[in-house]
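Input: a single structure, listed below in structure tokens.
The first chain written gets the first letter, and so on, giving A, B, C and D; residue counts start at 1 in each chain.
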């Protein structure tokens, strides 16, 4: 593979490497090490992962066999990524003490959120790249949770193989028939009995539950050992539950616009008296929402940047389509149709604006933490999926029937990014929260400012001896006078 | 005025000063001097200019008197701005040689486009602030043109009083019945006869032509002394024409959604054998478009940032309105209506994204020049006015009938920013150019990349001995077989 | 004028007369008399009113004189309309008893809401046409109110001259600093003392208050003689107040964007112990909201159809612009620019859809009454202004700078139709009410239907002996089994 | 089944039967027979088809077995529909001579386009209903083509079993790598050699090709026997090709987003020297585009009305969701969230407007033919799919994760209606054509009208002795004078 020619081969001017395409405003924030890694990641994604994406689909097979194993191309890619030194880049490893003890992967973490964000954009261009570099959700968030909140025993047992890419994991939060966007509604029951925790209830959208390598779930539930109101935000706890624990049954897989996402899958799972040791509790009784909050910020940045990567791929398919010499409807090649050129322009513009919003949010997290960047993260969470859906939908439309089928990545990209307007809370919840925060926090400031302006204007009126003249002045005065 | 209390007085937490509200991603680009100036500008705008805006309207008077003088409050504000040392901040003075010779204003130029952009946002919050600091269009662009391209004589005569704020100026490009967005269509005739230039034709949207202080016009026309094709891009020249030159007649003033913008005004002007000395030519015969190009980049940044300032003011009115205790339709204060909170959130988000686009474009200009930042400037030019119109229109709607009248700055802001979707070329021209450039420049790259991906996939298929499996696999094969 | 050639003269195929352009679906509802009237109205509007619109503006003059009289062209047009027999067409006269007693105008009323709606569309094409035919708001609604609810004395005094076009009138509902969209918030105080009613408070957006012919106001206020809760919906009453009653002062005129709408005007009025005879009460104490409801339905249809007329005019300007031979930006006439053709198509489509919505609502009112057509009227109220604004804004944009000024009717149309998204309740109130009504009224139906479907499916599953197969079937079963 | 209780059972007020929900404006066009049929269709769809939709999916099975047979529930539903007398309602049978000879189905055709349109809306509510009543595409269009253009032999062989529901059919037009929206680009080769026609080339999006009951294809191709330009619009012919003809190979099935639509399927088919008798030619050499045009109009109405049916179902799911007592995010049931109520209102409004556009187009076809209704059909074609996608997407979003999966019909509806923005020509082609037609057809009329208005205004100016007064009048005059 290494003797492969540089992309592209078809006479096109190669685009500059990723390290030279960083928006100028973000450049001061990117280290030399990150730039080098960025270019290695790009080369790997373009030359090895994207071409492997269709192989992944083929190796998956048909019908039920699709759930019975995973395509072995992914193992080859993982091996390759480790050789290239691009592994676990998501991990801000300097943040955690004693991490080295559990990490024998040699991974390349330690980047800022901004730096890893730029890499995540590249990973988002391919179906296989995130997993190939051990940077796939929900494992990344799960590893962060265990690294930050886990006990020595928990880390040794679960973090080690996860960092090594030997197993995968699930994060079980969403429940059917609940408004799960509000964490306090989570109601799977967790009850401590002696040295055990007993879980009863059901979860769905348990992503990854279909994969035979998925060995551990982080499960959120309502903790019977926490009294109402005791724990502030909620009564939820998080528990580590091995996938093969008796009583835990994956009933079915949910589809996303017809895609079942085998072998990963989105499981509907029931818990009937599922029993795990009390030592599997994470952080403490009633601290589930606290863990949740810490987990969400960087994860949203990762999702956003991967979506931007998918949008950029869509633009590339769009531009290629407009220059397709075989497509000459009504006597003009597609690139001469003004409406389509507008689509390219708007897509360029909207992607660039969205990227700056995410990068700014990343820097804000880097400079303080996720709590200090609430507004910026919410902006990224809301803006990016809608932008990416618009961009991809334009590319679909420009491809005609080809755009909705398996011959491009567009339809699949669209369907999966569509879920990001729902996951981690629907857009409307975030818009409402952002609007409410802004409206409340600035109420006095805005009212006060306008009143102050008016008071100063009144002073100036007096100072200059001005009486207010009004539209229709003499008329109004005459009219008024006539009545007296 | 100096003993005035800090804003706001109504119990609100004062917002942080402008120097501390710079988006974190832009901070590395802002000097200490710029930060200090920014805070002085903010204080001046909030405490002196915005309260003076209604005074300006009142001093203007009614009916035709509105065209006969200018409100004297503006002279007071100008005096005050010079005292504060905030004058001519737009001027990148280090770019020009010998400028000091013509500049006795003591102005505070020498800022980067980014730094001045941040100030322009603040100036855009008030009707009077730009003129008060001698940073108003079209004077700023005109001063830049004369500073860059003028002769010693031209600078002494026109640049000096302009820098000093003693006179104002017009820029006459747009013509009725022409598609002026394409500079080559400009057709006012310029003809050299001996030592004179003779101008014939008409111009409209000559902004500032109503003001009695407007003494000089920069006029663009088609030069009879340049042969077709000789000058590359066009045959246009630019000429300095004093406003009182015989034969130049301002016929009427054009309105903007009912606003006549007295005393500034937007004139419709005819030229009948208007004669000026040949030494009034700028730069050289046929070099009008070249001057034009240089003038546009920074001007677009200024317009964009001022519009962002106006959008921020609209958000402040919106938030104040939502917290107005007298407005309780259907039993809930406006701040409890979910749709309105979404408007605040979307406005926050859209302004922040647009600002980052403009700041990134500014830095790009600063790091090379306007030509090197074509794409970034186009993005700002297209994105900002549409965003600001959306934001302001939401504030209008939330104010009900109050929003469309003279009791807030909203309706007037909307109408004037509406013209920015047209001025310097309508959105559609810029979208088309941006789309065309992107589509052409990346055609080979995108086609090449997709072909390369396919070629590599084919190699992998061969390597792994995979035959393509298709949806409906066995069926398709059986079906096909049946026919043989 | 009668010898004028048929429109258009410039070689264009004349469009078919209005009676032949009725949407085919609405034809069965239009009488022969209405068709004939429609064509007379169209000829009058096209040949006499639209050409008179600029005369109206010129006769209005400048400065304060604009408020001191009304352009006499309107009197000529009114005379002409009466000659043509197109006068008071809005009046469903057969609905009222004894109307003939007060109506010596010879007006052509008695049309259905659908029929008059079609005429209103034509009237909406011109600034002067509605007034010329005595079909202008707010007089139309006011005449309906007095005809329906007035006493003999009230009719004799006010309805007679209104029907005759001798005077004009105002409808004073909206108050500053109130959420007037909810009628129960109206708080101008009305108090009966002996034989008098005393009014105190203020009103704004009192349209028509600037006109010297405006002699009578219908004023809505909170009636001190009605106890809380007594009158069901509210405590508001309506009172006839002559414009020259002492204590009533028009303080100023409000502008719409930059238009002051002289001489009509939108007044800000205060009432200080304004005293009128108790016999000026309309219908009864506390019955203001009842009158209000009856007034609104047809008025919304009229506004909607006039806006559609304005949108059609905008399309005509747009099409003319696209075919302007002088506008050839970038080498192609505007009519070759794909984006602009899309604008024409979308405008065509959106106008046609909106018109059908309004016509359907009209027929619904005709077949029952405004209460029976609540949903349909709300649809028209919400849909039409937004549609018209979009259509007009496209025409503005296609005209460039010309579009925002006084050289076309576009900017003025836009600004005035913009108020319709606010007047009679902002869009958001109507959307909320429509959504709430639908959501509540159909809750049980929709839940019930879905449950019934599921129950029947379950029956069929049993009948056919089907056990549910799931995505990932065998895997899920195997997976589940492994745990046992 | 007949003893089933009326819908709904859950305490909801049953909605009025379909015959009483016809928009009032359309009522005059619906016969008594159609009303009765409408109610029978509605009862069948609600009580038998929608509950059977999940059975269909279950009987289909998993993996490749999904392509090997069809769910037998469909046969039961077909039997039932024939018993109810609702079969072949799409067929305007009176239009064709001798049809009875081939039709032993006893079907209930003979409705107007409007009447069948109303039925199609009901059929569009269920996945199985169209096929159950033998009203499914592409069979309906194919039956119409054969009925109208077929020879006696062709009718006897293919129309008879199609009318009887014994076989199904495909319509093969779209080709890979062609801009098929322009029929003249179709290039599969058809060549007559003696008594045979030889076909070579490939087709894709051959819908229905997966079904074992699909026995006959109508294939469009470029006819080597027609010389360039000879046949006016194009050189294309249409040929009847039995599905089991040697040389015809279905290579693969295309997916729509993630749906493969088994057993129907969308085939990619190649033709290698496929030979059929010359008597299989339809109508004549080079007459393919002529057949095409006739086929499209009513088909577009059917698609549009079925999409409206799907949108109505989405609204029902949306309303049920908003009233789901288990969904209380942030302390308020979903039905109290203002944004969601707006979604219901907008959906109601947009569906109602779209329906009127389609019904008006249907009546236009009924009153002349598809050619006479070009504009109206284009409006329906463009408006409906976009509207339905918006409505359905709102319902998806309100359902959160449940909305994108198999637990509601929403995601599948969305994906399939998404193809209607592409099929039969993408939106952009239709918008362009509609815009171009309107812009050209009305050019002279619009220019002429505006010129005429101006001429008449000039006459009036002269008549009244008015000189134009301008904004800034005295100033402008003084200014101008000063220069002289």
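Just so it is clear, a residue touches a chain if its C-beta (ideal position, glycine included) is under 8 Å from a C-beta of that chain, and two chains touch if they have at least 3 such contacts.
Everything numeric in this text was worked out from a predicted model, so none of it was measured.
A comparison of the A-B and A-C interfaces places the larger number of contacting C-beta pairs at A-B. Summarising the inter-chain layout, the chain whose CA centre lies farthest from the centre of chain B is D.
Each chain gets a centre from the mean of its Cα atoms; for chain A and chain B, those two points are 35 Å apart. Averaging C-alpha coordinates per chain places the centre of chain A 47 Å away from that of chain C. Of all residues in chain C, those touching 2 or more other chains are 62, 64, 254-255, 260, 337-340, 342, 406, 428, 431-432, 471, 473, listed in ascending order.
The part of chain B that touches chain C in the complex is made up of residues 62-65, 174, 176-182, 185, 204-205, 254-260, 266, 324, 326-330, 334, 337, 339-340, 396-397, 400-407, 411-412, 414-415, 418-419, 421-423, 426-429, 431-432. Per the touch definition, chain B reaches chain D in the complex via residues 64, 66-68, 210, 244-255, 260, 262, 265, 267, 337-339, 342, 470-476, 478-480, 482-484. Chain contact summary for the complex, chain A toward chain B: residues 4, 7-15, 23-26, 28-29, 46-47, 50-55, 58-59, 61-62, 73, 316-317, 319-320, 322-323, 335, 338, 340-346, 348-349, 352-354, 356-357, 359-360, 363-364, 367, 375, 378-379, 382-383, 406, 428, 430-432, 434-436, 438-440, 442-457, 459-461, 464, 466, 468-469, 471, 473.
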